[in-house]
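Quick one: the structure is below, and I'll ask about it shortly.
Chain IDs A, B and C follow the sequence of writing; residue 1 opens each chain.
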């Protein structure tokens, strides 16, 4: 079975810094593989260990994105595809168009695995867009997967229900983070990952494959989290009484 | 460009919220708000303006079919903006629609405006640390973050039927089981007591439920308790990947305060936290903090609440 | 807390610019493993609610021990500096685990440097992958800093030696699969590998300690314990030279470990001093608090640079005994001061909260263990006087 897994080199939201005006310093911000993408890689590796085949890691992004691709290779993906693009141009339409075009070039895939969303923007649009562009079936938010040669069965985790579905192949699947516990690559795997093949493709060479729409980012500002940050000290009973008092004064509890 | 503003959600409650967003946006594009329904108009969906009922597609059709039917109607009727509730199903509908119609897509909007040529949407990114405004030319698809708009109270105008045909569906539903649901409606709760990993056993949750009900509030939780441990259903899960809430009081108990969690409660009016770790990030996002063991602090809070003041 | 901080990264880059990307990946991976698996459990390890054993095992399987060893022995062939940096991260994540791993790896280094081909090929792959845990048994109840007076006896018998005697303050005692034991034969102190399962090996009850409570410390006794000839490491009578050489390397690592402990305390203080208010302003606004912060930070960076330098000398095959001792003396005493200042800044909470005084309790061991500050100062002075002559 040929499995592709899409990973995003996302801004590490915990490390994000701001200028004095409250604008986030996106350029040069530390990046990391999206937290949920690791679950997608893990799911791909488990499919391979059940039914055999190859796992190809695919990423779209700047030169930095190679780090996340290497992490997928260290976890166990066999080879990688890096679509080089200017990160600031990316939006779900463009990313999905580039992913779909690069997947068409990289081989015939039975399964394309993605995370439910990236940890930086969490829009959840790229996986179904890729499915739509490739004309593949799509199963979103899978928490359990069972793959045979012709079909994939999945349990979907929706807001109000758990849904069991069967989908023909090829299919794009997005997995939720409770689907599995991603493995940690060992240090030797990390070092060996540098030797695995990575094909580099330039976005402009793929773009004729699908038009995209310009979504522009108008402004970005730090969400103000101005909190009082008052610690209520004393014995447990004293602290509890102080809190109840404070909440009554704020008028947020009516008891 | 001019045109109508369509709104759609397969979830009736969310559909009424998205309808309100459409009502607000319609004048800017010199069109009317249109509530899009599939199969039949649902009673629970409120929204001013036209009701467009797509015939042919099963009402609970999978997102794949919903997207195809809506795109067929959109291709012939030419709306300026299509708003879709950003539920798990809705995101698939919106994504497919944007590709089928070959238009831009703005995700997870909490505020939307238009100047008649473009549409701008405000959303939160980087786990809620940043608020961003994105702009796309018209026509455009926008996914609307549930809980961002109030429910429309508008009266239904004319009902128009449109035969969208019966699209092909590849993914078969084998079964569906409803998640265990209580009567939680975190979005409308004024007070939320939220439980995190500091709670050691499922059997201890009633203690927190008790505190919540004494404060006339509801119980929520952070991701581990619902998604990993399964102690509470997913609708209790507050955070980036769960429900976004903004109560008057958010009391985080035994929650460390990962960014993904903060993203779901940062707009609360007052935040209080109880945690054993003074360095826990939740205290940075709180107005009031008590450093202590929740197994002592929660009973003390209940005692303090019942004391005469 | 980000264990592999950007500051750490840029210091590393300034020391080894060409190999930087690969080293960076190895350390970031270890850092994130420790952040999610060890750091959140360190207070449970300290209070005895959870054992470090399964996490130490996973860390070893991950490859931390293999870092500085040659590839032919199952190592990663990376510089010693990277290994020492990894132990700094581990010192911050959980000092007890760091101590246990550091001792284990010191034994592995001893086997690599002084063992036979059979010992190397038989033991190193098991030790470097964490399949076996090792322990270093030199100190005796009546023989500490004066290691030459070792009293445990190894008498020639049938096919090897018979050991009789006791070792004390032994880290990993009772958990280790093998002990590197120093015992006196007719030719003087000698070095042996003793399987924990050998008849005649007994382990005392774990000692109650001030700190490093996640690691196990106990007495290990040998009573008519038969050790085959092939378990003699190197030459008879050379044991103390081997122990000394092993400890020189270990001191660099202990310095790194203490820099890690200091960073943990410092990190907490940075967060606390900005949020704790007194007289209606954050305590970080007070000059005397700022003095403490400045001294803490300077000490941490100085400690790191000293162990970096000693690591580089070791890699280059130069004499590093004085520099390793300097790094250890400075870093251990520095981390005690940093952790003490942290308690002072936390005030009553610092004195009464296990998690806040744990770094101080952990750091307190290492001005004593693996060469006291006093002995090491003698070593530094005599080495420097000899160099100057």
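Note that a contact is a pair of C-beta atoms (placed from the backbone, for glycine too) under 8 Å apart; a residue touches a chain by one contact, two chains touch by 3 or more.
These numbers come from a predicted model, not from an experiment.
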| item | value |
| --- | --- |
| Interface with more contacting C-beta pairs, comparing A-C to B-C | A-C |
| Central chain (by mean CA position) | A |
| Distance between chain centroids, defined by C-alpha means - chain A, chain B (Å) | 20 |
| Inter-chain centre distance, chain A versus chain C - centres from mean C-alpha coordinates, in Å | 38 |
| For chain B paired with chain C, centre-to-centre distance based on mean C-alpha positions, whole Å | 51 |
| Chain C: positions in contact with at least two other chains | 275 |
| Contacts with two or more other chains, residues of chain B listed in rising order | 278, 283-284, 291 |
| Residues within chain A bordering two or more other chains | 14, 229, 231 |
| Contact footprint of chain B on chain A as seen in their complex | 11, 13-14, 16, 24, 35, 91-93, 96, 116-117, 119-129, 131-133, 137-141, 153, 156-168, 176-178, 211, 213-223, 225, 227-232, 236-237, 239-241, 243-248, 250-255 |
| Touching residues (chain side chain C, partner chain A) in the complex | 2, 6, 22, 25-26, 29-30, 33, 61-64, 66-67, 76, 275-276 |
| Parts of chain C lying in touch with chain B, wherever the complex brings them together | 268, 271-272, 275, 349, 353, 355-356 |
| Partner chain A, residues of chain B touching it in the complex | 11, 63-64, 67, 86-89, 91-92, 94-96, 98-100, 102-108, 120, 124-137, 143, 170-179, 181, 190-191, 214-216, 227-228, 234-235, 240-241, 248-249, 259-260, 262, 266, 269-272, 278, 283-292, 296-297, 300-301, 303-305, 307, 309 |
| Footprint of chain C on chain B - complex, ascending | 277-279, 283-284, 291 |
